[in-house]
Each structure stands twice: as structure tokens, then as C-alpha cells.
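Attaching a single structure in C-alpha cells format; questions to follow.
Chain naming follows the written order as A, B and C, and within any one chain the residues start at number 1.
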Amino acid sequence: MTALPAALRPLSYFWTVYRRTWMADLSTTFFTPLLYLASLGAGLGQLIGHGRPLPSLGGQTYLAFVAPALLAATAMQVALAQGTYEVWGARNFWSGAYRSMQASPISVGHIVSGHMLWVAVRVEIATALFLGVSSAFGTVRSPEALAALVVGPLVGLAFAAPIAAYSVTARHDQPFNLVFRLLMLPLFLFSGTFFPLSQLPSGLRWLAYLLPLWHGVELSRALYAGHFPVLAGLGHFAYLVGVAGAGLIVARSSYQRALAR
Amino acid sequence: MTGPLVLASALTKHFGDFVAVDGIDFEVQAGEAFGFLGPNGAGKSSTMRMIGATSRRSGGELSVLGLDPDRHGAEVRSRLGVVPQEDNLDLELSVSDNLYVYGRYFGIPKRELRRRIEELLEFARLTERAREKVDNLSGGMKRRLTIARGLVNNPELLLLDEPTTGLDPQARHLLWDRLYNLKQKGVTLIITTHYMEEAEQLCDRLVVMDKGRIIAHGSPQELVGRYVTKEVVELRLAPESASQLSERLDGRAQRVELLADRVLIYTDDGDATAEHLLRDGLAPRSTLVRRASLEDVFLTLTGRQLDE
Amino acid sequence: MSGSGSQAGMLGSASGAAVPAPQVGPQLAQGPWLRRPLAFASRNFSVQVRAVPYVWASGLIEPFLYLLSIGIGIGHLVGRLPGPSGTLVPYATFVAPGLLATAAMNGAIYECTINIFAKLHWQKLYDAVVATPLSPADVAIAEVGFATFRCMLYAAVFLGAMAGFGDTRSWWALLCVPSATLTGAAFASAGFAASCYMRSWTDFDKIQLVAMPLFLFSATFYPLSELPRWAQLVVEALPLYQGVALCRQFALGYPSASALGHVAYLAVLSSAAGALSQRRVTKLLTP
């Protein structure tokens, strides 16, 4: 019997816990995006151009405009929840997961990569679910959309890694409230998700360009529609990889400091 | 007021089918320290809650400070002080704020309240910690604060439910000292406990409760005198020797109690009995001669120990 | 028994004799019914006023952000919408009152759900309180009242912002504040009652599961007429819709008789949930 590679061992812990708690998670990973899609996508879509494609939306209906953005936004939401409360909880009490992992031959580096891998898995589950739902709503117009299954976790990691670097050192969980209200919510509402970014004044637009969600939204939108612009697309992709990579490096050193005995 | 401060007759409390308090009678006089002694689950806390007007009785009569707690609960509570079993201090407030907020629940005017808080902090030996968050206090300090809080309305009657459970011996003695101090100032105390030492130290009179009933009542000395001998010899023996004990004793002891880890021999002259056994050839692993206590009273009455 | 003003407390008297101070407790026990809940509500003040102010501020940020993004950002895509009376209004003006009612709902839920559970079961705070002249009913009134008061403050501030953005159409809009407050009261009562029945903190995820669809489907972002008939009937029965409809009428300046119906609904919900809360919390705290 071959032992699981050290990098994957944390996964077995998280998966075991998930098997017990997956139903409670459904509400955030499945129902919330579904409800937003139905209400703000379809419902509002009826009001906007009477549900017909609009030039201001790139020649698509409002529903088709919003759906891929919600995919990226869901990825961000799941990743941030994982990267804040789950990381903090694993370090402090509830599970004390990190502590028990440290007591085994698993190294700190593996703990980081193991947990980030798990985040990617969780985001992937949410992404896949949403892809299914949105195609049921008829918003997927090309098989290229399957590549969104890569974009989702990438966006997730771009958020989870940097925030985990902070969370693992945090003493209390109250600041996380701020992360959700002052970071996630504005990004969610203003990254070209519900209206084209061109509506925003240029200063705020640049802010959106800097943060990962907009890139994820653009990528997803292109893939859903089947018009993948190679140069711009690769640019977005590279940006996300860059942010995720840098985040992982910072997280690694942060974990080393935080989990030092 | 004249007459007993608390008067109970056939007091009963049940939760569904479970009978927690099974028709008990007792009375508490003004100025005394009255105890409810018994193991966990004896019905002491339920009785306290009925006296404290936070639980309605299921049957019988109860009068607290001349009032029926079921009908005049708020007024009864305004004249009582309560020190509950579990600390339920407000962890989000500081030490003095806890006292302040609690005092406001009684409608105590602000200036008077501030004055009292100073006194109470001194009483509890917590003056230097007035501004600290309650979270940072040790167990003993929290308990002293809880007692101080129970006094904020200058109650005529103070109810203490297991006041020193979970405290280390030093904290416990400090607490007893504070309670004794209160007693001397004339506050009537009602205490529940399962520590016989506490009952012996603090209580003028007590009742022994078990399974919802009162099985004995009187002062600690009376109870010991009535139910057990003056002294006890405690032996740790090999099992074979234990069985021969009665022959060896030859009528010198009133009773022998076999516990899981030791043997208790009840006799009026412990030293003499122990000497006799040793001369007779008995070789115990250890011997102890001590005075009989309330623990022995309970054991005699129920066949069980107080902390089982 | 009661002597004159400040006598030495029993602890301070040097002679060692007990000198009972004037008994004020009985006055509180028998006095006007509001005094006792107010005494308990002041505890919440002490805690929250000293707490970090962002907790208060954050309750306002969300509706603002939604107003800016969906109200104004999508505004030009949607164009104008018919208000209750049929006149067309800009989209942001349509959405704003819905966000106001939602802010009240969220404020009430924030204050009156997991907090209550924590105070009941973990901090055992209420156990301490009911040993005083206060009763469990006082506690329930105080908590719901405090939450409602917070909703009122949020509503007033948000209304001010709405006015600043030009989303209010007449002086009737001032009635948005009591409308949002009533909505908050209904949710605070319901939240408190629900919290008394919850058994573990994971149950509270279910509350989000309820609040989210309420937010999205209570005619906040588009008129009720956009939904299929069966969905319209469902939504009309929901409390947030009642609050939204009420606020919208006043904000747009076209109050109608239906306002009475909305008010009645919310008032009945508040009272029923309040009664349920009192019974349940009395059973929990004074078994």
C-alpha cells in the first residue's frame, strides 16, 4: 500500500470533515448563487431590454451578462470564507486541525499547500454546480465554458492565498466581518458583475482592474459566450496566476511564522 | 420582621415525571446561616430556585420574607441576593460595570450605586481590578465578584448555591472568611453545598437532602451526635483482613462501614479501638483516627457518600 | 423599615450591626412597566457604545453599496419604472425604499438571533438577570426594543442618504422611518422567538437561508408584476414585502389605503412573535 503523498494528506482530513458538514454548506455554495441568478439575473433581466440582447451588454441578454460574473463571484465568496474562518479555526480552536497536522510528519509547507488545495476543491465543487445551473438557465452558449472549471479555482486561490496569510496570524475572528463587508461586498457589486465596468468613474475602474475578481469575470464571460480573445484572455489568466502564486508564497512564510512552536 | 424569613411546608417540584423536590418542610430564621447539604441531584438547587422566585413550585406552601414567591416574585427578588452555582457574570463588561449594570436592575439610584460599588469591591478584595474585564479574573476572583454582586441591593437574605465548588483550597478559605464576615453583620445566609467541611464551617443549622427529601435536620454538632459516634477509625486493609474485622473488634465499635478503598470503624474512643486492633495482630496499610463528620452522617443515613 | 437617605450600607457600618439601606428594589418591582426593560436595555448600550463603532457603521454600508451599484449602476440599463401609482421613476428611486426595509430586516436579524442564543446558552446572561426584579418578559421586551431602536437609527440615516441622492419625492417620505422601524420590530420579534427554539448554533445558518430569498424576491429590485402570478401571491405573504411596499409608497409620495393593511400585518406579526417569545423565554429561564 502506497502512502498518500505528504502534500495530499491534509486533504484527507478536510474531506472527512466535509462529508459530515456538506449539507450545511449547500446553502452558500449552491442556493445563494442560484437565487442571485434567478432574481437579479432572470427577474431583473426581464426589466432590462425586456429580456432581449442589448448592445450595451455586448450583444447578450442581461441574464447571460450576469451569469458568468456570478460564477466568478461565487468562487470568490467560497474562497474568502475558507481563507478566513476555516484557516483561523484550524489554527485556533474548533478543529485545531493544524495542530494535529503539525504533530505528524506533515511539514508546514504541506499544510499550506494542502489547505489551499482543499480550497481549490471546494471552489471547484461550487463552480461546477453553478455551471450546471447556469446552463440550465440557458446562459451557456459554447463548450468553451467548460474551461470555467479552471477559472473558478484560479480566482478562488487568488483570493484565498493572500487572505489566509493574514488569517493564520489573526487573534480574533472579528476582523473577518470587515473582510466580507468592506472587501467582498464592494468587489461583488462593482467588478463589472451587474453592470458594465465602463459605468464607473476611471479611478474606481482602475481599482477593479487591480483586484482579481474583474479578471475572473472577464474570463468567464468570454468563455460562456465562446469568444475567447486570446491576448486579453491570456493576460487575465496570467494576472490571476500571478496573484495566486504571490499569495501562496506570502502565505507560506506567514504560516511558517504562525505555526512555529 | 418577626417569624421565620423562609417557611416551607410540603414543598414539591417536579419536571414532567421526574420529582426533584418531594414534599419538604423547613424554616429559616433571621440572622442564621442555614444549609442544604446533599449530593448532586438531591434537589438543593431546585429548592433554591423556588426560594429565589425563579421557579414556580409544583405543590406545597412557600413563604419568603412574608410573601408568596409565585405571586410576588419581583418583589421577593428585589429583597434577596443570589449567588448562583455557575458564574454568569457579564464577560463583556468590566468588574465595576458588572456591579453597576446589575444594580440598575434593582433601580438603585446612580449615586448611591456608585458608593455601594466601592464598598462591595473592597469587601470582595477587588478594588484594584475595578476596570479590568471579567474575563481576565481567576476563578476565585470571579466567585468573589459574584458574591459582591449578590449584595448590591443590600439584601436581607442571601442565597448561595454551591459557593465554593471548583475553587482551589486557598480561594475557598478566603471565600469562607468573607461569608463569615457577612454572617457577623447579620445577613441571613442560605447555602447549598455538597462539601461537608463547608457545611460544618459556615452553617448554624442545616438539613440533609437526598433524592428530593430531607432525611435529617439540626446543627452540625447535633447531627453528628445523633447519628454517628464521636470518632472514626479509618483503615486501609487487605481484603482478607477486612472480613475478620468484626471478630477482632469484639463489640468495641458501634458500626463498621466497608467502602471501596477503606474501612470505617465508628466508635466513641478511636485511639483505644485502633490500639486494640494493632495489638491483636491486625496489620493495616494505614490507620487514621479522626472525629466524625457530616460526611459520616450522610453515609450512615443513606449508605452512600456525599460526592458519589 | 426604610430609613432616610444615605445610610451606611451593611458592609460599611463600623459597629457591625446590620443597617438596612432604603429598599429601592420594590419600587422597581411595582413601578411603570417600561422601567424594567429599560434597565436591561441600558446594559446593551453600555456594551455596544464602548464597542468598536464599525459594528454600527457596517449595518449601513451594505444598503449604500447596493444602492450605488444596483440602484445607480444598473439604473441606466433599466430606465424608468412605474411606482405604486403608475408614474415612472428612475430605477434608483424605485430600489431605495426596498433597500431601506431590507436594512431594517438585516439590522434586526443581526441583533436578535445568534446574539440571543449566545446570551441564553453560552453566557448565561439572562439567568443572572432573572434573579433580580426583572422577569423573562422584561428581557424579551428589552432585547426586541433595543434592536428596534437600532433599526430606527439606521432607517433615519439611510433616509437622509436617500434624500441626498434625490430619491425621495415628498414629505410623506418621513413616514419611511416608522415604516422601516415597524419592519425591524417584526423581524426582531420573530428572530428572538426563533432563537429561543434553536438548539445549536449551526441552526442559525437556516436564518440566512430564509433572509437571502426574502431580500432578493420581495419586490426590492423589480416590481411584483414581473413575477409569475403564483410567485406574486407567495411574495405578498412575506413580511419583508410588506415592509418594502409600505416604505415605497411613502418614499415615492403616493400613500394609499393598502398602507393600513401592511401596517396591520407587521403589527400582528410583531405581537404574535412577541407573545411567543415571552412564553418560550419564561419557560427556558424560570422552569
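In this section, a contact is a pair of C-beta atoms (placed from the backbone, for glycine too) under 8 Å apart; a residue touches a chain by one contact, two chains touch by 3 or more.
Because the structure is predicted, anything quoted here is derived from the model rather than measured.
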| item | value |
| --- | --- |
| Most central chain, Cα average position | C |
| Per Cα centroids, the chain farthest from subunit B | A |
| Chain centre separation in whole Å, for subunit B relative to subunit A (CA means) | 58 |
| Centre distance in Å when subunit B and subunit C are each reduced to the mean of their C-alpha atoms | 44 |
| Distance from the mean Cα position of subunit C to that of subunit A, given in whole angstrom | 33 |
| Contact footprint of subunit C on subunit B as seen in their complex | 15, 49, 52, 54-56, 73-75, 77-80, 82, 84, 86, 88-93, 97, 101-102, 104-109, 112, 115-116, 119-120, 122-123, 151, 153-154, 156, 184-187 |
| Sites on subunit C touched by subunit A in the complex | 52, 54, 58, 61-62, 65-66, 68-70, 73-74, 76-78, 81, 202, 205-206, 208-209, 212-213, 216-217, 221-222, 226-227 |
| Subunit C residues within the subunit B interface of the complex | 6, 9-13, 16-18, 20-21, 23-31, 35-36, 39-40, 42-43, 46-47, 123-125, 127-135, 285-287 |
| Residue ranges of subunit A in contact with subunit C within the complex | 24, 27-28, 31-32, 35-36, 38-40, 43-44, 46-49, 54, 56-57, 62, 174, 177-178, 181-182, 185-186, 189-190, 194-195, 199-200 |
